[in-house]
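What follows is a pair of complexes built around subunit A, which joins subunit B in one and subunit C in the other.
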Partner chain A sequence: MKGNYSVVIFYSTSAAIRAESLAKKDELIVKLIPVPRNLSSDCGICLRFNNEDKPKIEKILQDGKVEYENIYGI
Partner chain B sequence: MIYLDNAATSYPKPKEVGRAMLHFLEKVGASPGRSGHRLSIEAGRLLYQTRESLAELLNVIDPLRIIFTLNVTEALNLALKGLLRPGDQVVTSSMEHNSVMRPLRKLEKRGVEIKVVPCSSQGVLDPVDIEKSIKKNTKLIVLIHGSNVIGSILPITVFGEIARKYDILFLVDTAQTAGCYPLDIKKDNIDLLAFTGHKALFGPPGTGGLVIGERVDIKKLNPLKVGGTGSQSESEEQPDFLPDIYESGTPNTVGLSGLNEGVRFILKEGVDKIRQHELELTQKLIEGLKEIPGVIVYGEDQVKNRVAVISFNIKDQLPSEVGLRLDEEYNIMSRVGLHCAPAAHKTIGTFPIGTIRFSMSWFNTFEEVDQTILAVRNISRRV
Partner chain C sequence: MLKKIFCFRKYIIFTGVFIGISATVLQKLGNPANMGICIACMERDIAGALGLHRAAVVQYIRPEIIGFVFGSLIAALIFKEFKARSGSAPLMRFVLGFLAMIGALVFLGCPWRTLLRLAGGDGNALFGLAGLITGILVGIFFIKSGYNLGRNQRTYPLVGWIMPLIMMGLFLLLLFRPQLPSGAVFFSSQGPGSQHAPLFIALLVAMVIGFLAQRTRFCTVAAVRDVILIKDTYLFTGVISLLLAALVSNLILKQFHPGFQGQPIAHTNQLWNFGGMVLAGLAFTLAGGCPGRQLFLSGEGDADAAVFVLGMIVGAGFAHNFDTASSPQGPGLWGPASVIVGLIICLIIGFSMSDLMKKKKEA
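So, the complex of A and B:
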């Protein structure tokens, strides 16, 4: 059973922080959190967002050319 | 005390710079990009904010294309050694600082062809001469934007256009211009912009960087150093994405926090306002010095083609002696000698004796200029 949140997993912390900055500029509610244990990423942090914002988050990542590994529901 | 050595390192800095550095040491402390805890994330945010501030100042769309280095020298070494291969040709000018000339001479021994295009004794570089030097194997044009010796400014936009016309890259050394002269990586047709934090950007020493434009293929720009990045730790190979590919080892977070505030200060005041103040100071100082019998001021009269860097000599007096008297008797900090730019001094005809250099910043005043002119006048009379 999935919750209300998803996370974006990145290759680097810099990309995660850039995504956070861009999302906050669009007034989305996001949070940088440690990568959940069941997911693997070397970059220790990921960006958590509300599931309903997924299209907006994807657009931000695309428009800002932010490289990311994947998006997972948590 | 009158500090006129801002072309070496700016002093004083805006108050916020030191405060931000202390804040980092006392309240943040941690390594960015290494751990998932709150302090590490905060350190990462501070680094990113510094990139964002610089991106705003230089019109860079993606802040992650700004790579941090120790200073402009390291940034230039990264660009030159990373791009140029044996058999390539590189075109440059006779006004360059040793931060460009020495890496180039080193590369020359490994088979890179160097073409040094002469400038006039006023530091003027003819775009036609640059264009004529371009050959089939030319890979790069590298130019100093503002001369650290005579303050002359090169019209980089024109040279950038030439680079685009021949599909080669354009690297600009902005050590003397970033922060005090309008710069726009897009409008100025720059592919690689090397900057230093500790001069007109008002950061502390140990900060600088390279902006990597969209035309640069990072697969063809080798890193200067490789190592731990906090990313892809499962691999013993260097990551291939920005900024990690060029940023190994724990960065200078303390210094970069300070640099962020230096750049924020410039954005708040406005580059145009800073430029205008420096122009007025430069005009006044040049006019005052030129009125003194026996004083030779180098470079163009037109201050609009200058940054606030002025080189001069007093007839029959050695620069080192003048510099010492300025310091000891008048409390004026200048720089004398060759300013790490033997090629530039050969161009203006002051090699090997050099010159006395005054370089100003936003924080200098008209009163200081008046006192400086008076001091030089007295020294010229051997009073």
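So, the complex of A and C:
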């Protein structure tokens, strides 16, 4: 299972929610999950997606002007 | 499957259990009843010790608060997670901390003490818990509507060290107890402020809690938020563990006294038990975490969380000086009014810092 997913880390919970709704509009399979402990000590929420969708996710974030901290493979 | 869940969650369960047991044992060792640990009450006592309010029965520099910050700091340093950061609407966080304290002192407890009061058999806490969840739900509504306080920025390490240094100062005041002509540092000779567990035991236990909580991100408010917002129960498992461990521990220590009347440091005005915690729950959610979590964050370099903590301490001073804090007799004279005003302010913050205003303008 490891290696199939990546997560986008945001600066705010609402940005994560916005990104989720934008991604779902484009029918991508995404899920909001708590930020994995090894990535950050924030108690925030991040967006998980399938690795192959990375270019699409990046475009969505850019087009939607959603500011994000980073993308990590998990 | 179950084993996998436990493996993933064993640390958060352990943290919850440790907090639950520690709180009841600290009570046994001298802390006030159902207040083995209460972030709001303990910060209120610190405010009193510094003379920010003159309620003579609630003045003590609680080493637990100091220990939470130190424990988190040590964990963050060891695991290289100490990051000095600030600049995410600090003044707004001060206001939210202030209002959260106003609400918590109308109910008489923070989310942690809500759980501990329940575990001690205090039925009034059910209304506080209902209020807390209601407040969090309103907060979630704003988060879903785009509410945020803006992003923080990395900054000079010293900025992140301010809160640990403030705590070091408080620790020195506690240790040496200087007596100034003004009467400061104030230490209660009777009432809840005079009841405390031995200093170094309390400090040590709190440091372990701070350490564990920094590692696991334990947070009572985000626990509820995550269940509702993203259907994730990781943090919630910790909260339930805390409640059950405290309950069992109270039963063993004979500290479980079910009922509504005559509960320690509590009142039976359910409307304002509820209302106070709606305000606190909303303010915590808008600020991103429960008061414990804010302390742990301020220990790992989050200066915005530190400002929230300072807001809470100042809020406690205000609450007692202006008679908005409750007493076992019931809400203070201005308690209900302060909750209503506080809720209005929180709603204005929620509306104006989300997309709700933008949408209205566009429409």
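Following the convention adopted for this analysis, the second predicted complex is superposed on the first by the 70 of 74 C-alpha atoms of A that agree within 3 Å, B and C clash if a C-alpha of one lies under 4 Å from a C-alpha of the other, contacts with A are read in each partner's own complex, and residues count from 1 in each chain.
Here is the rule we use: a contact is a pair of C-beta atoms (placed from the backbone, for glycine too) under 8 Å apart; a residue touches a chain by one contact, two chains touch by 3 or more.
Quick caveat: nothing in here was measured; it's all calculated off a predicted structure.
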Exercise. When the two structures are superposed on subunit A, do subunit B and subunit C clash or fit side by side?
Worked result: clash
Exercise. Is A:37 contacted by the first partner subunit B, the second partner subunit C, both or neither?
Worked result: second
For this session: Could you look at A:45 and tell me whether it touches subunit B, subunit C, both or neither (first, second, both, neither)?
Result: both
Exercise. In the superposed arrangement, which partner chain does A:11 touch: subunit B (first), subunit C (second), both, or neither?
Worked result: both
Exercise. In the superposed arrangement, does A:26 touch subunit B (first), subunit C (second), both or neither?
Worked result: neither
For this session: Would you check which partner chain A:65 touches, where first means subunit B only, second means subunit C only, and both and neither mean what they say?
Result: first
Problem set entry | Identified clashing stretch of subunit B versus subunit C [99-107, 243-251 or 351-359] | 243-251
Seminar exercise, completed: Shared subunit A footprint, subunit B vs subunit C, residue numbers 11-15, 17-18, 32-34, 42-45, 67
Exercise. Along subunit A, where are the residues that touch subunit B in the complex?
Worked result: 11-18, 20-21, 32-35, 42-45, 64-65, 67
For this session: Mind listing the subunit A positions that touch subunit C in their complex?
Result: 11-15, 17-18, 31-34, 37, 41-45, 67
Seminar exercise, completed: Seen from subunit B, its contact residues with subunit A in the complex are 32-37, 40-41, 44-45, 47-48, 52, 62-64, 229-234, 239, 241, 243-244
Exercise. Given the complex with subunit A, which residues does subunit C contribute to the contact?
Worked result: 76, 81, 143-152, 214-217, 219, 222, 225-226, 229-230, 232, 234-235, 288-289, 293, 300, 354
